[in-house]
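Note that the chains are named A, B, C and D in the order they appear, and that numbering of residues resets to 1 at the start of each chain.
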Amino acid sequence: MHDIPKVLKIAEVRTENPTVKTYVFKSGLGAKPGQFVNVWMPRVNEKPFSVAYCDDKEFWLTIAAVGPFSKKFHEEFKVGGKLGVRGPYGHGYTVLKDKHIALLAGGYGAAPMYYLAHEAVKNGCKVEFIVGARNKDLLLYTDRIEKMEGVKLHIATDDGSMGRKGYNTVILQELIAAGGIDMVMTCGPEIMMKGAMDICEKAGVPIEVSIERYMKCGSGVCGNCCVDGLGVPVCKKGPVMSGEMARKIDGLAKWHRDNVGMKVSW
Amino acid sequence: MNKSISFCGVSFPNPTVLASGILGVTGDSLKNVARNGAGGVTSKSVWLTRHEGHPGPVMMGTEHFYINAVGLPDGGIEKAKEELGKYLEWKERVPLIGNIVAGKISDFENIAGQMEQIGPDIIEVNISCPNVEDQFGRPFACSCPDAGAVTKIVKKVVKKIPVIIKLSPNVSNIGEIAKACEANGADGLTIANTFGPGMIIDIDTAEPILANKVGGVSGPGIRPLAVKRVWDTATAVKIPIIGMGGVLTGRDVIEFMMAGASLVGIGSGVYYRGAEIFSKVNEEIDEWMKEQGVKELSEIIGKAVKK
Amino acid sequence: MNKSISFCGVSFPNPTVLASGILGVTGDSLKNVARNGAGGVTSKSVWLTRHEGHPGPVMMGTEHFYINAVGLPDGGIEKAKEELGKYLEWKERVPLIGNIVAGKISDFENIAGQMEQIGPDIIEVNISCPNVEDQFGRPFACSCPDAGAVTKIVKKVVKKIPVIIKLSPNVSNIGEIAKACEANGADGLTIANTFGPGMIIDIDTAEPILANKVGGVSGPGIRPLAVKRVWDTATAVKIPIIGMGGVLTGRDVIEFMMAGASLVGIGSGVYYRGAEIFSKVNEEIDEWMKEQGVKELSEIIGKAVKK
Amino acid sequence: MHDIPKVLKIAEVRTENPTVKTYVFKSGLGAKPGQFVNVWMPRVNEKPFSVAYCDDKEFWLTIAAVGPFSKKFHEEFKVGGKLGVRGPYGHGYTVLKDKHIALLAGGYGAAPMYYLAHEAVKNGCKVEFIVGARNKDLLLYTDRIEKMEGVKLHIATDDGSMGRKGYNTVILQELIAAGGIDMVMTCGPEIMMKGAMDICEKAGVPIEVSIERYMKCGSGVCGNCCVDGLGVPVCKKGPVMSGEMARKIDGLAKWHRDNVGMKVSW
């Protein structure tokens, strides 16, 4: 019971694409794939980010510059920069043993999926890694994934500038149809994850999704991240949950809630 | 064995109540807490119009205390209508306490009236948040005339349901403040809001950790301070009390009741034991009642005070 | 790396000070604490004449808080002459703070004069004990005129050594009280005494556990409240501060210093980590200084406040 | 870290002699011989008492009526009476294995010594148990000790009404002189323990003594039980300590201190 931020120094900054950077911290965290941390920029704000990789000695955060906090983060934090981290929080993905799994990633979702792939392969799994983006320049982590043994990379872009043209869920559907996929894990835009849930339900394949909501405490207290229908805080009962559970969320892939709890469309 | 408590004429199946500001942001989140065994639930403080909270970090805990400066974020009364309305339609519901807040004394009239229309079982008036002092000055709960004036204005508009006032523990005369509320018609009191404010500093950056620098302190470390506030209030007024501050176990609930509380709020306890704390605490109360041969829980209210 | 701190012109080898009322009943018990690594020691509050404390239980702890109502038992100034005298003769001694207490403002003149003759390095005036209210009313530290008057009377007689006033955290205007002391000549302030009072009730007997029913609360659960009191004082006055309240670790000491304390008291910490807490905390400070490259500990005083 | 009194019911009251009673509680305590508890009489006071016996299911306290608290205790507490107990506190005696030990008890010191004998015998020790009192009627625990296997009871009374006439330390001296005593443990009036320390020092036999001082917190905080010379609180660094350590106490067997820390002659 202790979640005061621990101040850490940034050991390395990697530019992933024009709007996404990965920050490396030389410190153990003990996070499972799918868990997240709260990142504190002193005098600015605190926001949740998924763990993109983690072992005994280091962990990574992959941050997309989308608004005031994340843009300021990109601007201000260089190597040696000090920031606070607390967590890890929430439930992670199930790491199966010796199975054939498909990972479906959209946007910065590729980062936690990379960590999951890493752990799954260590556990003897065969991994189909499906990444999607609007175009080639926005693809994330594909270089790293390509090099992984036991992992097959599948790419889809909306404009066809790399890999298959169209939604990455189409690739998922084909892989499942081909047979042999034991389980699907996905992280990315809710509408994509909802599509994957529908595919998996029809095919009778289990799926785990990561449900993001506006978070403050990260520990099931403030209630800001409670999803409708279930009523539970996803910082604690999620973010990763089964497709079955996610299906009980009212407004899934339709609305979320802002910092004061007002409904906002996705 | 009977754990039900009648408070201001409203029947609660057990004495545990979700404290305001914890989990209760939406109708469904209130249902979730009720399903976990709470005897009653309190909404987050509702403003007339949208109110932004503070930037983060807004809250955190250690094993000894919890500290928060959320800054009372809220979507306003229209959102409350939808969310609390949804909760009130639910058949299995337990009593709902609608908590309201305002920046000026006169503003309480409007928000109170609108909250009454939503139809909660009780209205709780928050005049004691220590985390919006920069914006609104010392809480009304720190002055007898202010506390009395807010009570009066709310009681003027709210005619059909009981009104309870949530006081601040950060005064030296809580009994006097309680009397001022009682004299102006309060039906009950909530004792109390968070302590302080307090502060935690990160020593590696030399920065206060909460974005608001200071925050209200709750959790197990302040429990003896809160119990004494309830005792002081119980010896000063006749109206019933919801006690709270650092409750983690069934024994803690009983301690507050013996100090004079009829119902007992749980807030930070959710951090320490999850939303499941309500059912756990109720089991612990059951065990104690069995062990001590207590049949009627309401009989222990104020037992230590009356001696 | 240098941990020594100059406080009111007195040099302390490190910033940790034994808080008044813990262990320091005899000269040899003070030596024992100094041997354990304290940078300074404070005597238990000394009365002019013998003063009985409360019956037991007088104190107890949980993992989250410590509560006490010892009732300031003391053998009187003659005993202090012998015991503190014995400590002062000891060659390896660290600075001694002689803590005095009285029931009436005018009584402080006599006790202060006699304490000065004993020859401690600093006199600390306890005007903030929450556990003798039944006997003496609200502590002087709760009113600006009273706090100022005590300061004035003590400063009138004590000419050779610095006088610091120990304030109560149980006020809403600690900055104002601090200013009243400063204006009347106080050389420093101790922030602060215990919180509350608070109360713990045994639910099996429905009895408050402390014989005095209520007691002052200290220990790790109230640390954020104490840090804020130090911060508020540091922003109100220029005289130096001994901060205390819930310190258990070296990091806690540094937190208080960054909030504005020059020295940091440890009381209940002895319950949690033994008298060895002083050497342990000092090792933890050393580690942090090394890690952060801090050479001169005194440089961090008020670092978070000044930003 | 928790020393809030636990409220217990008195299961049995045994009259030991006109001024001493033993109270039995049906509850485990986990105390070692020589440790003590603080006993709370609601609305009256709280005082320290040694554990006279303890196992998984019960423990005993043997209380001599000597002043306001203990007399009230005898008067008010019958079977079923509720009182608070916190502890155990302090260091206990060393429980040796397969040795020949001598226990020297005076006054209510016989009670904790009985518990020590019990544990020592379980550990294969041979025990010489020397009890002393002013007269036969004030002897304590002798019936119980007599029945213990592996324990030899020696009695001394000042008036010779039972056993040897004179101090029990004389018996100790003879036993040591006879040879074969590995260690001595003692509990009783400080002057008696001091006598035993002197005997043991001369003979080169190790000894443990129990140093009682006016106690309040029982946990090394209030400082009321600090002994002169050493400066340490005996509730924590004692009550049981080696003869070597006890020898460093200023005023041993000469003075102790009262409830406000004033010196009082023994």
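Going forward, a residue touches a chain if its C-beta (ideal position, glycine included) is under 8 Å from a C-beta of that chain, and two chains touch if they have at least 3 such contacts.
Because the structure is a prediction, the values reported are computed rather than measured.
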> From chain B, how many touching-chain steps at minimum until you land on chain D?
Replying inline: 2
> How many links in the shortest chain of touching chains run from chain A to chain C?
Replying inline: 2
> Taking each chain's centre as the mean position of its Cα atoms, how many Å separate chain B from chain C?
Replying inline: 34
> Just how far, in Å, is the C-alpha centre of chain D from the one of chain A?
Replying inline: 65
> So, what's the distance in Å between the C-alpha centres of chain B and chain A?
Replying inline: 36
>> Touching at least two other chains at once: which residues of chain D meet that condition?
In response: none
> Going by the touch rule set out above, which residues of chain B reach two or more other chains?
Replying inline: 62-63, 200, 204, 207
>> Chain contact topology under the given definition, line, ring, star, complete or other?
In response: line
>> Can you work out from the touch definition every pair of chains that touches here?
In response: A-B, B-C, C-D
>> Going by the contact rule set out above, which residues of chain A touch chain B in the complex?
In response: 1-5, 7, 38, 40, 42-47, 82, 84, 86, 216-217, 219-224, 226-233, 236, 250, 257, 259-262
> Within the complex, which stretch of chain B touches chain C?
Replying inline: 62-65, 67, 138, 142, 170-172, 195-201, 203-204, 206-208, 214-215, 217, 219-228, 231, 246, 251, 254-255, 258-259, 288, 292, 300, 303-304, 307
> In the complex of these two chains, what residues of chain B are touching chain A?
Replying inline: 21-26, 28-33, 35, 44, 50-53, 55-63, 66, 70, 73-75, 79, 83, 200, 202, 204-205, 207, 209, 211, 268, 270-272, 274-275
